[in-house]
Amino acid sequence: MTKMATPPGAAPAPGDKPANLYVPYRMRIAKVTDEAPGVKTFRLEFVDPAEAEKFTFKAGQFGEYSVFGEGESTFCIASPPTRKGYIECTFRQAGRVTSALADRDEGDVIGFRGPYGNVFPIEQWHGKKLLFIAGGIALPPMRCVIWNCLDLRDKYGDVSIIYGARTVADLVYKHELADWGARKDVNLSVTVDPGGQTPDWKGKVGFVPTILEQLAPSADNTIAIVCGPPIMIKLTMPVLAKLNFKPEQIYTTLENRMKCGVGKCGRCNVGKVYVCKDGPVFTMAQLSQLPPEY
Amino acid sequence: MEALQKKAKALLESGAVKVVIGFAAGTDAQTARPLFAKTPEQTAKLVWDESCKQNLATYLLKPEVKALGKAAVVGRVTTARTVMQYAAENQIADDAAVLLIVSDDGQITELAKFADIEVYLAKVPRGLPAEAQKEIERLQAMPLEQRWAFWSAEMSRCIKCYACRAACPMCYCARCITDVNQPQWIPVATDPLGNLEWNIVRAMHLAGRCVDCGSCSDACPQGIRLDLLNRVLAQEVLTSFGGEPGYSTRKEYALSTFKPDDKEEFIR
Amino acid sequence: MSETRILQKKSLGELFAKLTAAGQRLLAPVKEGELLNFAEVKTPEQVALDYIQTRSSAKLATFPPYEPLLRYKFNGKDVEQQPAEPDKRPTVLFGAHPCDAASFATLKAVFTWDSQDAQFETRLANLTIIGLACKKADAYCFCTSVGGGPGDTRGSDMLLTPIDAERFLVEVLTPKGQAVVAAAPQLFTPAGNETKDKVLAKVAPRFSADKLKEKLPAAFGNNAVWVEQSLRCLGCGACAFVCPTCSCFDIQDERNREGGTRLRCWDSCGFSLFTLHASGHNPRHVQSERWRQRVMHKFSYQPERLGVLGCVGCGRCSRTCPVDMNLAEHAQALAEMKA
């Protein structure tokens, strides 16, 4: 194999010589976790230890994960950069590639290109309170930044997490939810949609925006990070506005159809923005400047 | 042209239709473009000549056009056949659209009810256009290797733009076979063999349904005679199964209808 | 750095031979049935020199309809990867009009901003463009509305203008153009006072791209305009595929039992699937929104973001469109719209 300007898999840096931008790292599936019906988490380790050594990323970034022979799919990196030696991704089986991924076993090799995209500016949040609001399968993009902040716990003020799913079975990261719930330095509220509770459910019942309104957290010196299906975002924003959160205080990570991940193929364009380069992390203030095409 | 404009204007003025779909002059003399006349005044732009090629019946299934309200469509015999085939395939209700069929000698026939369209179509001469017939005979006279070379060369020019599919009134599947990726039946890239596969599969999906309007090859940016594939298959269906689509509202798909007196032994 | 020369038309055969001997592949407009398209040639007899426009653009010289990115062989649970080598073949694009020559700047902006795509950049680095100025134009041409013109030199390494039946006026514009002269110096004789303006086609500007760029952001929300303009659009990909500046692509895997290829191929924002999420959500779920994207991207988003217009006024999209969606006409209407 010829030596290339950019190593395989790695996200290109500005100023790099022309390179084949589409060659993935080979990743071995170290662990498969069934999170919820149709939802799995993979723990991935670099096949080449030299690549593992050099690899870094920041919270908020995503990658193109592939099954050789089937194609690529876009997921965030769901594990925090504070954990070395592996990355994790969580996905729901929805189409061709995710179905092929769901068929993979521990020990199989898949592809990963990344890290791509911009990052949650967690350094700017030092000293602030953090309010994480997530729904359903949108907890994975948040899990990375939640753990990143919890791994640096003393840099932040109060940390609150509001997470909801349709039913108890649909809650992802059940193990971590138990961990977070047990911590004294985290306020965790887990909720399911009305009708989604089981007889022994001890958490809340109600849609995420409703629970948010009930808890009525203060906006003072607080950063809100929101991620969820479009309908949840649509109903959560007015509640945050009522609680006096300014658009600059609210962060989200945008899901959009992506392919190349490096700002070339044009698929993820929203207005003049490339979600894969200028995002996927945006403040609501930035999003409001974009055409509503996402 | 004036007679057509007059009829169209009357339909709009009376409120019988909300839009007349016809042709207006296009960018140059050889080109016409679809016109959606929503007011009586706009019908003054209607034209009709050999540059008016696209089968406008295809717009009857387009949500943005349906939203305009009841439509009248200007067309030819093949346009009427399209509506009949739509009826056979449960895509359109009886009397849901008005047809203004212009015959070769300029006569305009206004039709709406399926029964009337069927009566009209029963009287028109049938058969492939003479030029297409000649081309088909020329190809079928070729030895197999030569014919294969011809079609391979034609299909190597295909750029997989799917203009043929977009222009064809019968290609209205919400999810085309080429968009199915589990598995990816039809390769996406413009590999010559894959191009041939796409065009053959499309022709097969149209066998017994194609109404011979020729919009596919008219639309093809590369000038590929893919209409000949459809026309050959139409002839096959006629000779082997006796069916000709678009002349009645009865659904009689040659390839999915079983008759106890089928002339093939293996199926009886 | 422009110098002028004269090249006799009858010398083209020798020029082609010299370039071929120097290892160059030659791409030029060639007759394919009723149409003209760019293809590999060996002799000038194969080339159509007196044409208004080819059907498909010359972008395939740097961005082909499909190309492999990566090949792999299955190896138990693992794979062996072989990244695709970029195409390094030295190529001369001969006889492309100024609109096509100018289009490579837009493609380059997309493929080399922020990171450099080797597949594209290698081809471009090894490409020499010998442009051909236009003596004729038709109702579809609108180069002068988008900063170009029938004798425009942008993007050409050498521009030929047929000043009479026997001769080209040659403008040598870049070091690559000089290298062409150096390959056959005896064929390029000194020029006198010959100018090209007298023979160039006249293309009256139809709208101002700058004014359009200013108007478009406010026009985004005017749904009625986009619906009206796109009512006849059939949603095929013909316009994007023949367009010299359209560069959106798809990435697909094709495989058999032993291994496979990850390739990229042309795609179009006009297809309904382009932005479709696996969940079923589609940010541009109606054709009018996709038409709007085409116009906004070419005339507003790309200029804002990458500093290049996404259109060179070649008119191919309009000529090819089965329902005569004339981009210049639509752009002009938008530019003239009252605020």
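A, B and C label the chains in the order they appear, each numbered from 1.
What we mean here is this: a contact is a pair of C-beta atoms (placed from the backbone, for glycine too) under 8 Å apart; a residue touches a chain by one contact, two chains touch by 3 or more.
In this text the structure is predicted, and so the values were computed from the model without any measurement.
Chain-to-chain contact here is organised exhaustively, every possible pair of chains being in touch. Counting C-beta pairs in contact across B-C and across A-C shows that the higher total falls to A-C. With centres taken as mean Cα positions, subunit B sits 48 Å from subunit A.
Chain centres here are Cα averages; for subunit B and subunit C they lie 32 Å apart. Separation between the centroids of subunit A and subunit C, computed from CA atoms only, is 38 Å.
Counting partner chains per residue, subunit A shows two or more touched chains at residues 71, 95. For subunit B, the set of residues that touch two or more other chains comprises 184.
Of all residues in subunit C, those that touch two or more other chains are 250, 252. Against subunit A, in their complex, subunit B makes its touches with residues 181-184.
Of all the residues in subunit A, the ones that touch subunit C in their complex are 1-2, 4-6, 8, 12-14, 16-24, 26, 28, 47, 66-72, 94-95, 98, 107-109, 111, 229-230, 255-257, 259-260, 262-267, 269-274, 277, 291, 293-294.
Touching subunit B in their complex are the following residues of subunit C: 32-35, 37, 55-56, 65-66, 138-140, 227, 230-232, 234-238, 240-242, 250, 252, 254, 263, 265-266, 268, 271, 273, 286-288, 318, 320, 322-326, 329.
Taken together, the subunit B residues at the contact with subunit C in this complex read 26-28, 31-34, 36, 54, 58-59, 63-65, 157, 159-163, 165-167, 179, 184, 187-191, 215, 218-219, 221-223. Put simply, subunit A touches subunit B in their complex at residues 71, 95-96, 99.
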